[in-house]
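See the structures that follow.
Here come two complexes built around subunit A, the first alongside subunit B, the second alongside subunit C.
Moving on to the complex of A and B:
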């Protein structure tokens, strides 16, 4: 499974301060730590970045890729900042990933950028109509996004469908709907992705990791292709590796947790 | 899911010594601890018990049910010891469970006892031919056992089909076959059970609990009805409770782990 390291986010105080003072070191350290822990992509969440977004994203991409030879997941609602990031991205380390488009026409610009810069893209199965009710609803929205992507010349293989994980503590039945959606996306031959920690949002802090771990294992069992998560959470990564053994993706060896 | 507490086993030195000296206290304490931790059945494994098996099983059943108001899972290959246990069992706390029959004609006596004493029974999907190769093989064996059970008057609802969990470290692909078998048993309307810790047999000790936890969650997702496991392993029980939240078997509350 593809791991997208989530730690470089404007939500984290340390990251925000480093962004504001243009201090690359804390950001580079976080990128390297996640990469060494097994992340295939490093997410770069700069928020809406309404002021100087283009310059910030360019600086972030260059600072991180100076340190790690990994593709980045560019995460902002600001399309021009995103485009600046795509221009700065070193595709030698792999195609970048745009986070994200949806079925809201205001977000189709992200599909256009994916097409223009030969980038991969995360497509949230939400539209203008609000949150999806169940797996079928997610499939309908996914089909609409796929049709629009085809028009714009984005290959299906470059799209990761995201069922939108909702918090289990307030919308418990959605956990099953998202599992079903992951299965249905796979049956369509489409890739899938989740923002894992959404599942435990709002839950007492000491229970979050357990809830994330159990849910991730079930998602993987339904064929999940990628997850945005914290690769520095060793217990979580151990569950990923163990599930991969049961799925036959990894050959069992006594040392499989160290690989 | 039905939890069958596995701790009262002749394999454990403390239990074996208590059995040999007919000291009820250590056994009663283990029974009570498992019951309080959420076990629905207490497994009573006295081994082959070739000498004085009837008297031992009778003493075990009476000692345990003096302390806990739970039905027992009677676990021995000695049919006359097993029958003595069924006679001694207090069915006020629920029907007993026989562990186990299989498709080996020598084990059909256990089905006869289940019929005679209105007991539930675990049916291992193995036959004289040796280990099952895959899920289909397990289904064929299950059908043969079910046909025999019907002849002997054991209701299908009293049978727990056991796919026989094999150790992942030497027979990795069997982990998926057993998951598929659990799903197929459920589709037939049959109950299922596993001896969970078999999956991590032979694995370095510090990894066993992790492997058990991840596998149990996947088994539950496929519809597992019951598991023989260690209910005193809090991390394992927390995974059971969390999986039950995702399956919708438990209503989410911040305190769900304490229930």
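Moving on to the complex of A and C:
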């Protein structure tokens, strides 16, 4: 499964301060640590970045790729900052991943950028009119996004459909709907992705890790292609590796957790 | 409508490995496709066959095979030279059988001398094998590795019970290493992991999942080899990407089919041809399962399998 390391986010105080002071070291360290822990992409969440967003994203991309030979997942609602990131991205280790488009007309521009820069893209199966009710709802939105992508010439293989994971503590039914959606995306031949920690938002802190781990295993069983998660959480990564063994994606050996 | 051949493509690549030195050095592995399916990927190197010789008289070999080497098998030096100069061997595999405690139980120092003597008369690459005694092999192969220092040999076999010492010797003297496990793909992977965790680069490993002759469990070996190859290519499992060894001759030439007299089994036809055919067929199966390197005994069987390789590659 493809791991997208989530640690470089404006929400984290240390990262935010480093971004503000343009201090590359803490960001590079986090990027390297995630990469070494098995992340295939490093998520770069700079938030809406209303001021100097283009310069910030360019600086982030260049700083990280100086240290890490991996593609990045560019995460902002600011389209011009995102475009600057795509221009700065070194594609030597893989295409970048845009985070994200959806069925909200304000996010259509992201799909246009994916087409223009030959990038991969995450497509959230939500529209402007509220959250999807169930898996069928998500499928309807997915097919609208796919039709739009086809018009723009974005290959289906470059799209990761995201069912939008909702917190289990307030919308318990949605956990199952999202699992069903992952299965249905796979049956369409489409790739899928989730922001894993959404499932445990709002639950007592000491339970979050367990909830994330068990849900990830179920998602993988349904055919999940990629997950945005914390690769520095060893227990979580051990669940990924163990589930990959159960699913026959990895050959078992006593030391498989060390690989 | 035109027909397009369906093609599989893989993310992984078998690691390329060189052994020997100078103009006669050989390269095996490096492919990105399953055996003989060059149209699906790159197959830069053909499989190689090494002639097996021993450091003591081949008393346990069947007569039809002993007869072939009767003038040269008195000593490993004449035997090695014969294989290289007369039979055109591309590589030689020296099995240090005499060191086995149940045979002559010769010392590690004796083995080292044998290795030196053989190396002094050949210029083709050498594979150095112990007698498959876990304890004894550890000391014998350490001495042999030192004696062969600088010759870029393949030494083995490192097994679960003795790999630490043998890995250290291969590291110290810059040899390639055979990692052997007994017909178990998970143990094969585990041993490769343990060896690389000692700092031995996986690109210097050869995997031996253990062979078996036709009629004596060949399908088990076939299945394990095939799954190793698929794990390396399709799952891009780096621990399963070293080239594979098929040490097949030793298993073939003790079967009933290669030893039973014509008078005992009149329906089985010529004993001489039967043995050659049994080795050639078993070896060819190992190639189709994924072997990059074979160790064989009968020149006619080697010739037949080389012909197959040249026709299919």
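Just so it is clear, the second predicted complex is superposed on the first by the 259 of 259 C-alpha atoms of A that agree within 3 Å, B and C clash if a C-alpha of one lies under 4 Å from a C-alpha of the other, contacts with A are read in each partner's own complex, and residues count from 1 in each chain.
In this section, a contact is a pair of C-beta atoms (placed from the backbone, for glycine too) under 8 Å apart; a residue touches a chain by one contact, two chains touch by 3 or more.
Source: prediction; values computed, not measured.
Of the two partner chains, neither subunit B nor subunit C is touched by A:133.
When the two complexes are overlaid on their common chain A, residue A:147 makes contact with neither subunit B nor subunit C.
Shared-chain residue A:215: touches subunit B; no touch with subunit C.
Once chain A of one complex is fitted onto chain A of the other, the partner contacts of A:25 are absent, as it touches neither subunit B nor subunit C.
Taking subunit B and subunit C in turn and counting the residues of subunit A each one touches, the greater count comes from B.
By the document's definition of touching, neither partner reaches A:156: not subunit B, not subunit C. In the superposition on chain A, A:252 makes contact with both subunit B and subunit C. Once both structures are placed on chain A, subunit A residues 251-252, 254 are touched by subunit B and, in the other complex, by subunit C.
Residues 185-187, 189-190, 193-194, 197, 227, 231, 235, 237, 239-240 of subunit C are the ones that touch subunit A when the two sit in their complex.
Put simply, subunit B touches subunit A in their complex at residues 168-169, 172-173, 175-176, 179, 203-204, 207, 210-211, 214-215, 217-218, 221, 238-239, 242-243, 245-248, 251-252, 254, 257.
Of all residues in subunit A, only 249-255, 258-259 touch subunit C in the complex they form.
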